[in-house]
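What follows is a pair of complexes built around chain A, which joins chain B in one and chain C in the other.
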Partner chain A sequence: MVKKLLRSESLAALVALLAVVILFTAIDNRFVSLLNIEGVIVSASISAVVGLGMTFVVAMRSLDLSVGSAMGFAAIMTGTLLSAGLPLPVVVVAGVLSAAALGLANGLLIVLLRLPSFVATLASYSVIFGCNLLITHGATVTIRSSTLNDLVVGRVFGILPAAAFTAGLGFVVMFVVFHQTPFGRHVAAIGGEIRAAIGAGVNIPLVTISVFVISGALAGVSGIMTAGMLQNADSTVGQGAELMSIAVVVVGGTSLMGGRGNLPGTVLAAFLLASIKSGLNVSNVPSLYEGLIFGGILIVALMIDGARRGGRRKGMLVV
Partner chain B sequence: MHPRPGRQLFIFDSHHVGVWILTGAILLFLAFAAPNFFNAGNLQSVLNDAAILGIGALAMTLLIMAGAFDLSVSSIMGLAPIAGLLLGGSYGPVVMLVSIFAGALLGLVNGLIVTRGNVAPFVATLGTLFVYGSIGAIATNGNAIFASSPFLFNLSSGVVLGIIPYSFFILIAVFLLCAGLLARLHIGRWIRAAGSNLRASHVNGIDLRYVYLALFTLTGALTGLAGIILSGYLASAIVTQAPNYNLSAISAVVVGGTSLRGGEGSLIGSVLASILFSMVNNGLILCGVDSYWQYLAIGVVLVIALTLGVAIEWIRQWVEVLGRPVKPPIASETG
Partner chain C sequence: MLVQAREPVTAERKQSQPVDRGATLRVEGLRKAFGAVEVLHGIDIELLSGEVHALLGENGAGKSTIINIVSGRLAPDAGRIEMGGKEVQFAGPLAAKKAGISIIAQELELVPTLSIIENIFLGVEPTRFGFIRWRDASAKVTAVLHELGVSAEPTQLTGSLAVADQQLVEIVKAIIGDYRLLIMDEPTSALNLEETQRLFRVVRRLKSEGVAILYVSHRLWEIFDIADRVTVLRDGNVVQRSRIPETDSQTVIKSMLGPKSSLISGRPNGLGRGQSEASRPVLQVQRLSSLPHLRDIDLTVAAGEVVGLAGVLGSGRTELCEAIYGLRRVAPCTRIELNGRPAKLDEPKAALREGVFLLPEDRKQEGIFPHLGLRENMILAKARVASGPDRPHQSLLRRFLLATGLGLVRAGEELEIFESYRSALDIKCSGAHSRITQLSGGNQQKVLFARAGYVNPDLMVLSEPTRGVDIGAKEEIYTAIDNLAARGTGIIVSSSEITELLRLCERIYVLRHGQIVAEVASADSSEEAILQIIAA
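Let's turn to the complex of A and B:
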């Protein structure tokens, strides 16, 4: 497992993460203050959770554009049901299940209508986002449960925020599923060479639907975590998260060409992007520059990757 | 399926018959539900919105036919007019030209990253989506800048025959340009070749890098054009003026019957789908429905259009099977 963790793609993200941490600490040592580190860990954990699901989707050579809306949907469900007086465990389960149901709908659209995942999830992105706006009427739902807040930002054993444990648990489960189960191999097989997967008797519809259900459910978890962190929920929760989580997956070293998934890389990339965001904040760079730096890193990382592949043009089709 | 020559010209091609049905259905619905829809002023605003979306959708159609994407158009929609207004002085036509040129330059950068940097279009343009958006925000400090030129304002408010805004004629011109590219020039064949089979076109000696470079530049330029029309309409330019333009344009292309698998596409379908989206948004407002319904409605239209497309393709195949003689007479072909 240590060897796998240190595969070259993950190593690049790890080195970049260390470089960023050292750089920002040198600029302003408030970056390594306890409060700031906690903030970085919480936001990185939230984007890592949704990124784990997206890694599965991308490994299957698909895309899920609906995760942002699904995050918002789960967050709004959580807020609304908590206001209605339901107990927290029920609300959390309902939130995750509803997001998983959205993933199921995606999977069915893809399998039954034989649509490219990009198109199917583009449609559901729009529909779910519309539902989010309709449910909230553009207003914010306040969440008064301090327990939910503790479950995200509260320190466990006095050291790490609880969100890190959620993300860690998610990572271990997904890592084992991806690398140690037939299901994980089927996902990679569909992404790598779908004809070989069909020939090997992989149940493609079932695996496809399962992957989108997983992606939806993890987006739901991440949405609930966001709601717990912010202590409120509105339709802006998860906005832009679909493209951001694809960026996280790709920076983490998973190719959009499918066939392989780099889960440790995804987690590292989530930490990398969260550190950069927080570091820019601490060193007083105006937030207007964030996009420039994010996008720049994304492009440079991919161009290095492209150069390392030695200019082999394996085709540019990415759907 | 073997696309026959001239098939692209047939207006009721199965690939975009779905969008015709939907457009007809919505028009019929609006005739009963919102007779105000047919006011001259309203039709003008529908056609103007359709033109702004349609110009980008046409460029995106060519890109998707070639098997690529451009997600950065949302930011180019803001950044190009900002560049035009900041660098182009106050004379409207110059602002417009600078804006188109800025868009072309941004598109060229996309193309270079994709072709020279060997990066997949999806993530390359995802990166530049962030970068261009950030540059636009830095240039204007995140605020809107004023666009006071009467020329730019007239692009969307000047009308012919009382209902057709000048911007719609620009859309028609862009349509003719794209159709001409596809039908009459070598690049049209190369675009189809690139989309349907990369390796084969490589073997045939087409250097696809130049095809993609040209297409990304064209997309940038046309997006700059659409952006300056929008800025003229709003009388201001802000980098976030069309935040969902990328996904809306891709949706319009898909509803119009272009397959994301590349190779085949329908320009007229994309234009129709743009008009359809614009009608749906406008109709919802006229019916007094909350603006929150708009996203839902666009998503539902997308799902219905896709389902219709699949169903029609299904029916077409069945008709083909049923219409085939059991034992094809050999001589019937010639005799």
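Let's turn to the complex of A and C:
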């Protein structure tokens, strides 16, 4: 029983999360202050949302490196359209749809030009980031909608920040889609063994494009959430989110080899990494070290993933 | 064991006069060319409902091309395909499936990270309001799994199953659902006798239900056991069409091979045999254990001797081969001596250094490098620098470079080596730069043999050396094995085909449940005798 628990990928993330919380609380009990916890929940929710989409992408044995710039794009769209006086619901829908359109472009690049997702999304990352700079001229757009801010950090029923509900809703929907619909099964099949998926008549182009549209749309949602939280938007929104969301997915137990996705693990890992980030802050570790630490965590997670996969045989049968 | 009420004991008796005699599939004048080479020169085949129709031919005769066309994976250049009297054209595999054609692929096409039931219903998931519902499907899958003797639960991940069970899942995938034509392409290649018999019972049931079955196999006895009619192909032409009762295996083999028929000679008389009594042992294994697969294995192989390993799948044959090559952890009590010296074979690198070479069972996964050319595939292993009687002029520097892997590849030299093996083994290819995946299974295996020959091992371990290889190439591989042995290489052959072991080996070890239960001399044994020991 204990062994099974230890082997369960999501539980590992949960245990690590508890350990991190206890550790940072021991270092400085400001970590468990209400303000700090709310901050952790909001930023964890934001990276969970983009991570949910990335889980689909990784389960399909692909990568989406453009999610960070798509977040920035959605945030900037939100800021610009709100300044132009459009009503908030319209702005939110437009932001999500425009990010979904970026995902559609990614999917088309991959399917029509037969590019590896890594290359296609690396290119589109650069293009989108360039657009973000051009639209804002490098300046910051201020957002004066307190409603949007409330929709992210405002407490619902006086308990949790609204962002947690957005992430929770996203999780439930994505979980059901992944585990209860043919589409989710086809995503895993493409990632697990594409020849089998082709043989079974799975519509590979359609599924591929859909997954990148989902990833783009969810990146859009988290971009808007970021804009709402910061109450401004510029091209730095979403910076580094591509690596962060891949880290969240891998730490959460989804293998980069594809074929399976662990959505609960992704959410837990989002909380884990947000806690570590905030904990380092609270315990006065200079933020300069953040990149180093998160890179290290990612490498450890990849090593665990590799060990889990390669455990069965000692060596490759290659002469 | 689950026996269905409709299990057709009677259908077996009625074999000659089944229920419905409508043509399910009619193929006329099928032509197909790849580049400038036409591989099908106008093929006509007719499959009746409720019949098993065998399609035979050497690799390269055009069987796979026909199957690929009928299953919608390839478009024909010319010709008509009719299903149930109506002409059809398939845009892709899915269209063929919708038209009622189901295929058991020769290659495993399973998603290892999905469960059995998820694989079986991949692409045709049963849904309700858009959500997957397994409830009804699950019982059906369990029943068919039972019928085929798979004890796994439908929810088990396919990646965790043994190869034979995976093959059976592949079969279940094809036989569940609605279809009128079932294509079985080498369905038994990973199955043992018992599993094959179980499969045949299912085939007979499907037959009695009116399904037309196109059956491809290299095992002739299977054809004569299960088929009603046979169509034999050679070089893209139909060369024989017979009802099974009206032909025999000799005739069929002759039409398959054509003028080359002399190749199917029996065992060559005393090639390098008899000398082994005097020769030194290359490999001595004592008390090899690797639980739970192997227990207390003792075995010796002399220089120039070919030793066989017989046993059902799961008896430990494969595991033993892997253990000798350093791919499995062995218990500390194990003693392995190579050429009289104790050897520690704990990884392939060490095994290779000691002169042990393994030809893996799963060629596609573990043997070939699909993206490399033939030359690279052949000359991939490092030549053993020290033991090179045929290449004595290497400078110290070059030896050092070769040993460290820093040396530059000498294309010219490699090409020479390639050409010499190409002619020696009669590898059919367009040149050193062809992709290995363009070759037939038999020719791929010959390339791997050349790799082994180049390495010049003292001990060669062959796991299923002729799986998926046609009769002509089989005989050539046998000759290659004989030649290697004649050069003094000790050889272990693990095979599920007893006749192959009897043909190749002097002694045969029989394994059961990870232990050696008998050692027999081929000369005083027969297929039946060995089968009896295996099954005891």
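The rule is simple: the second predicted complex is superposed on the first by the 295 of 319 C-alpha atoms of A that agree within 3 Å, B and C clash if a C-alpha of one lies under 4 Å from a C-alpha of the other, contacts with A are read in each partner's own complex, and residues count from 1 in each chain.
Assume a contact is a pair of C-beta atoms (placed from the backbone, for glycine too) under 8 Å apart; a residue touches a chain by one contact, two chains touch by 3 or more.
Predicted model, so just to flag it, every value in this text is computed and none were measured.
Student: In the superposed model, does chain B or chain C contact more residues of chain A?
Tutor: If we count touched residues of chain A for both partners, the winner is B.
Student: Pick one for A:260: touches chain B only (first), chain C only (second), both, or neither.
Tutor: second
Student: Have a look at where A:125 lands relative to chain B and chain C in the superposition and call it first, second, both or neither.
Tutor: First partner only.
Student: Does chain B (first) or chain C (second) touch A:246, or do both, or does neither?
Tutor: Touch partner of A:246: chain B, not chain C.
Student: Once the shared chain is lined up, is A:37 touching chain B (first), chain C (second), both, or neither of them?
Tutor: After superposing on A, A:37 lies clear of both chain B and chain C.
Student: Identify the partner contact of A:180: answer first if only chain B is touched, second if only chain C is, both if each is, neither if none is.
Tutor: Only chain C; A:180 stays clear of chain B.
Student: So in the superposed three-chain picture, is A:191 touching just chain B, just chain C, both, or none of them (first/second/both/neither)?
Tutor: The answer is second: A:191 touches chain C but not chain B.
Student: Touch check for A:114: first (chain B), second (chain C), both, or neither?
Tutor: Only chain B is touched by A:114; chain C is not.
Student: Across the two complexes, what residues of chain A are contacted by chain B and by chain C?
Tutor: 313, 315-319
Student: Across the complex, what residues on chain A touch chain C?
Tutor: Touching chain C from chain A are residues 176, 180-182, 185-186, 188-189, 191-193, 195-202, 258-260, 313-319.
Student: List the residues on chain A that touch chain B in their complex, please.
Tutor: The touching residues are 63, 65, 109, 113-116, 118-120, 122-131, 133-134, 137-138, 243, 246-247, 250, 256-257, 286, 288-296, 298-299, 302-303, 305-307, 309, 311, 313, 315-319.
Student: Chain A touches which residues of chain B in the complex?
Tutor: The touching residues are 67-69, 71, 113-114, 117-124, 126-135, 137-138, 141-142, 195, 198-199, 202, 208, 212, 247, 250-251, 254, 260-262, 290, 292-300, 302-303, 306-307, 310.
Student: Quick one: which bits of chain C touch chain A in the complex? Just the residue numbers, please.
Tutor: 92-94, 97, 105, 107, 109-114, 118-119, 122-125, 127, 130-132, 326-329, 347-348, 352, 357-358, 360, 365-367, 380-381, 451, 455
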